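To start, the structure under review is shown below, and the notes come after it.
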């Protein structure tokens, strides 16, 4: 009812961060006298929106996000009186390309993916509708296997990374960007890099990685896009492809060798820190070496530890609110 | 469907005295069509039942294994040097030792066990051996110690959970071959488990915790249970039943028996039919806007879920109830009115009991739908990781809770394949819920069903 | 006295009122030798109603208003300085409430007398640890202003509750006594209680209206917002659905509507004939044993969570259709398709058609069957020509319910039909529906105020209007073809 | 016809005489018209029903007898499209007055329908229902007594006494109708309306019901629709003849049957079959 | 009673005479017993129904008349708990033989029920239903002709000719029953079973139906259940008297009414009311 005080922390947001947040919440509940926080998924956007709905007990305390907060979110927060927000980076997430364990091995470059999935590609200097049927058509070094890719749907934060780090880079590398810009002008040319073919070769998955895996099992010749931690839990079913010759792993991502990765964040509403019991403790516990450090349970589950974790710990202790976006 | 009458048989009038035993051409046609129709009915029923058993079969074959769980019996020395450095058994101090501090105790206990039994597997270090034990183990030992501080310094026998992959090995999910590829388990660990099993240290037992324990994080599928979800679903169903059945029946009675037949009732009628077509997710939007943002009810609470599901099931119940009320013959109403019963008495004494089977059917379908619904709960915060049990009603209605379908949904999105088995197990539990509800309704329906 | 106990007391008074009213009616009838207008129980009911209804209404209103009023008053007491930088008054109030509740617990368990509590001061005693002792966690140390506010919150709350208890009891007793006094044999007690029930029935039917209103309102504003930033003609007439992260999306509803229609059609083409045949078979042909087993068994199909059907579509039906039909015929090689989702959804919908229709068919009077058999009709002719037409309105209702479920279904489509929005005729291709996109746009990673998210509301509202049209059409058809028996 | 009528009338001269001239109007219809939707079924009917008299409504099928009867206890209210104009009164109170309690009215003016319509409950419950809802009994024993007497009065008790707890719908057509009569009697109404109560009964049961009607007349007012001229002649003191929705003639039964003033009445009652 | 009976019998001496001694058995019941669950409703009934004769089944309510009638076209099959033993034949074929075609049987042995039960369809469709399912017509014109003739034969055509497309359920009770008779006639069965077809009819309509029965007798065989002794006397050539589930007596109607051989029959037909 109206007159009851909330005593558990409420967290909402990215489904990518969700497993890490639950691992921390569980350990927090076990080791502190506070109740175990309630952690919800629903997507980074939904989480940030809920965070910015206002200050007060019937709003959440922390938003998980697999991408950086947007200016529009910050504006929305301001409008609703949510002024001080801490941005906590918890580590990095690798995005991997995996196929059935019994299939052939793949070694990709972003350009391969662009040429395989783009609606239009450049053939002999001309912009044509994508004619490629097999990976072998794309790149003679790749196996002769029909192209079928399960990529994250546009609701996923992962898709944005895929668009930027794979398609755009591939577009540039392969030189198609220039041809597009030449043919369509600056703006439409850049857009054309991200336009995917619609003949069923590229399949958007709005569900989770489990769905991608299930579809992969139904279509053995397909390639799916997964999070690193999901892959690590299913190494007996999936084999991972290299990107630019680098095999994805916690180490290669941490060293910055593997190109397709992104930072993961959560955002804390400072105004709640003193009001929701245990909130400060939870935030500190999350970024403690015990949890988020190398060798901790999060890393064991597939989170790539942040080399600058100490800085984050300091910031969290001081409750330093985030500055303006650069 | 062949229409018997369109065939233009030659015999117009009945030739008198034709035999009954040797039917005419046309009759044979009609009889054949009768048999076809009947066969089609039987085929349809068979199809329904086969579909049901197919689905149930696959659910059960995937899910029942989650009712068993592998555990390891270990004698753990509760070392005072580690657990209570001060030595005064002060709970405030004991709490300071976190689960991380308990891991070494378990490791030591396992090593000792292996040593005394003379078990060793080539290429398996003591550290790796720990992998066969669930990450839940330190927490359960810690809870035990906090509850029984006096036991510190003693050696206590614990039945601790084996790791999910080890458990999967005994359920056929993991094999020696897959273990070779699997980063989370190695063939050596499986061999060790086999040896422990031979010694009787490791055993697979009925998994009561599955029904009572709360959810667990992605690293501990073996510890995940349905306790909170069962409570949450039960609370929500209670709210739905208590609200939607009376409101639905009352609304139907008003519309069917009292409301004047005019355009207003037409609007209400169309409106209710339309509500049945509103996607359940939209009810979630409604719940978020009205119950949480406007009325200020808490997030993730069964009360909000129950209210949303109530609104969602109402149209189903109203439609079924109105159809059932319509089917009660007017002569029964007249009979009651004729002996001087008031309209209200007529309805409550005669019409409702006769309509009860139909009403119950609507209620079953509506409740079943509510029980298995996920989408609207997505928006009101019920699809969450909740480990604290909600309190007793009515306060408990306002505590965060999960729900069975949500738990299924949650578990199917997790990385560790062990959760797939759990999800199927949760579906089995959900179906048990459903079966109990159905059986109650069937018993009631039997009592009311009659032809007049 | 907590509200729960108060409610119990009012309930007890209600029961007592019932018996007193009943007894007075009987006594006065015996005394005046006038026959009672209604059954004695109705007199009891009328007293009980007057005891319970005003009291509970008052209590509900009080419970709702008191916290608001007190909140306002206390909140005004807290000086601005006491509110931390960036925090909000409402948060401080949350603290106040938590402390007040904690103090209650302290008083209960901690053995501190009320007087001591009043004297207690935040500056001198460690309130936070005191509260922690009774299991109430407070985020920071308690400032004197907040502590004082908490104390007066308790005080005012106590006084308020006291007044509330008195008011509720006075109302219960007063109205009860008044109703009791009024009892005489000529009083139309039954009419009173029936009028009350009637109002209750009317109120219940308004719930449906309010729900619709709520839905429309909760969709409307965001929809308007959406159309401000996205052109309506593109939304309604564009044949492409292609949301993008960085804006520039094309959000045409046509492919989604088409997908919805197509998948639902396939589902109904499976569910309606099979469901009707099941209903007919169970109601007209089968023995009692089969019927009492098969009917509830088939109803279980409606209760299996849709996610199970989704997995079934994804893992079993989809690949099967692709490998055995689509690929050999060369008409598609996608395992998720309209047909997959439609067929699986059709199975789920069977009980909606079969169970409701079965009840309706059962309700057709036996005399109609006799009439038809007596003319030498076979059972199937009787069913097709007499029973089904008579049962038509109810059956249409059942089919409509099934269609409604088909339109609103999400999980099965996501897993069975895929997520790609496409306008096409080939049932072996992947397509998607409106509801799927509502879910994915609402829960995604897109910014809130962007058209990509807001489109969910527009989709919801459009679907709402669309199904409304369908239902009006259905009502019209039923009206036109209904055959009323008796 | 004449021969028989004379014989029958002989039976009841005593009754008619005892009523004497002091007839009290129990119910009165004043310019009653009834419409089913647009179709008018009754045209300005003026008919008095006298206390402690049996009034028979006769006329060809579809002439509006049932319709008029159903107006007398407002059973027509249950038909949506049915509209009644004019005034009908019971003991000089307008029964269509908005302030009237229809339930009260129906308790005072009971009804037996053309098609037997027992409740799908036990035989006992069928009869006990009325007394229960009207609070006519205090104890279970009282209730049982009322049920038994009512069943006896309706001459069905002997046939059903061993199966009082079996459903009333399992009885034969005639048994069902008698059960419905018993049900109506059980609430002891002031006026009893009977819509062809004997059309489903065999002669012996009919005789018993007619005897019962004769008995009831001592205390109650009865209006009965019948197709049987003999029955009308036998049981009624007054007869009203309807034709095509119009009340053609009303008056003492003797007079109507022996000396009708209207040609149409004459034609009807002297039809080939009496 | 006697007076009237004589008068009535005079009407039909001609008919009886024309049947002469050459009566052909159309249907034959041999030791027919019927059970409703454990309750026996008919006890070893032996009854012949002769071709081109009207056989009346009379007896007190609940004696099993309807039950026996419903055996003749196996309508009892529709009652789950009903069990029939003994042999019933139509043209010497056992109608309870498993190889028999019930549909064919019912087409040849039509039925009119005690309670009128029109289909919730238009009046036209009600009558057209039988001819349609039996494929008796080729064209729409044929169908219309059958419908009109049947309605005329059942003496209801005039009343409904303007509303053939309105629902049959909107008719008055009597109209409904005549509609059901028209419906049965429309398939021109060999035997027509009528369960109190006139109990809901007024005298004029009854007269017409009785005339119709008399006409039909020329080509059809008819069995009729009736409560009216006069009706039995008027329309039937043969009468069977049932009592408590037993066939007490059967024979020529004249003989049964004037000179019954059983005491029980005598008692029944000389009851106070004829």
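Quick notes on this structure:
By letter and in written order, the chains are A, B, C, D and E; residue numbering begins at 1 in each of them.
Note that a residue touches a chain if its C-beta (ideal position, glycine included) is under 8 Å from a C-beta of that chain, and two chains touch if they have at least 3 such contacts.
As the structure is a prediction and not an experimental result, all values here were calculated from the model.
Chains that touch both chain B and chain E: C, D. Note on connectivity: the fewest steps through touching chains from chain A to chain E is 2.
Ranked by the number of C-beta pairs in contact, the top chain pair here is B-C.
Taking each chain's centre as the mean of its C-alpha atoms, the one that lies farthest from the centre of chain D is A. The chain closest to the protein's centre is C, with centres computed as averages of CA atoms. Here the CA centre of chain B is 19 Å from the CA centre of chain C. Rounded to a whole number, the gap between the C-alpha centres of chain C and chain E is 57 angstrom. Chain centres here are Cα averages; for chain A and chain B they lie 31 Å apart. If you average the CA atoms of chain C and of chain D, the two centres end up 50 Å from each other. The set of chain B residues touching two or more other chains comprises 4, 30-31, 34, 330-331, 342, 378, 412, 452. Touching two or more other chains at once are residues 190, 311, 365-366, 378, 381, 439, 442-443, 485-486 of chain C.
Residue positions of chain D touching 2 or more other chains, listed in rising order: 103-104, 115, 133-134.
The full set of touching chain pairs reads A-B, A-C, B-C, B-D, B-E, C-D, C-E, D-E. The residues of chain D lying in touch with chain E in their complex are 3-4, 58-62, 66, 114-115, 159, 170-175, 178, 196, 199-207, 210, 227-230, 234, 268, 271-274. Remark: chain C residues 36-40, 188, 190-191 touch chain D in the complex.
On chain A, the positions that touch chain B within their shared complex are 1-2, 4, 6, 8, 10, 12, 15, 18-19, 21-23, 25-27, 29-31, 33, 35-36, 38-42, 58, 60, 101, 207-210, 227, 229-230, 232-237, 290, 297, 300-301.
By the touch rule above, chain A contacts chain C in their complex via residues 1-7, 14, 33-34, 42-46, 48-49, 52, 54-57, 66-67, 70, 72-73, 76, 81, 83-84, 153-157, 159-160, 163, 191, 194, 198, 200, 203-207, 211, 214-215, 217-219, 270-280.
Those residues of chain B whose C-beta lies close enough to touch chain C in the complex are 1, 3-4, 30-31, 33-34, 37-38, 40-45, 47-49, 51-52, 55-56, 58-59, 246-248, 250-251, 253-255, 258-259, 266, 268-283, 285-286, 288-290, 311, 314-316, 318-320, 322-324, 326-331, 342-344, 357-358, 361-362, 364-365, 368-369, 371-375, 378-379, 394, 404-405, 408-409, 412, 427, 430-431, 434-435, 438-439, 441-442, 446, 449, 451-452.
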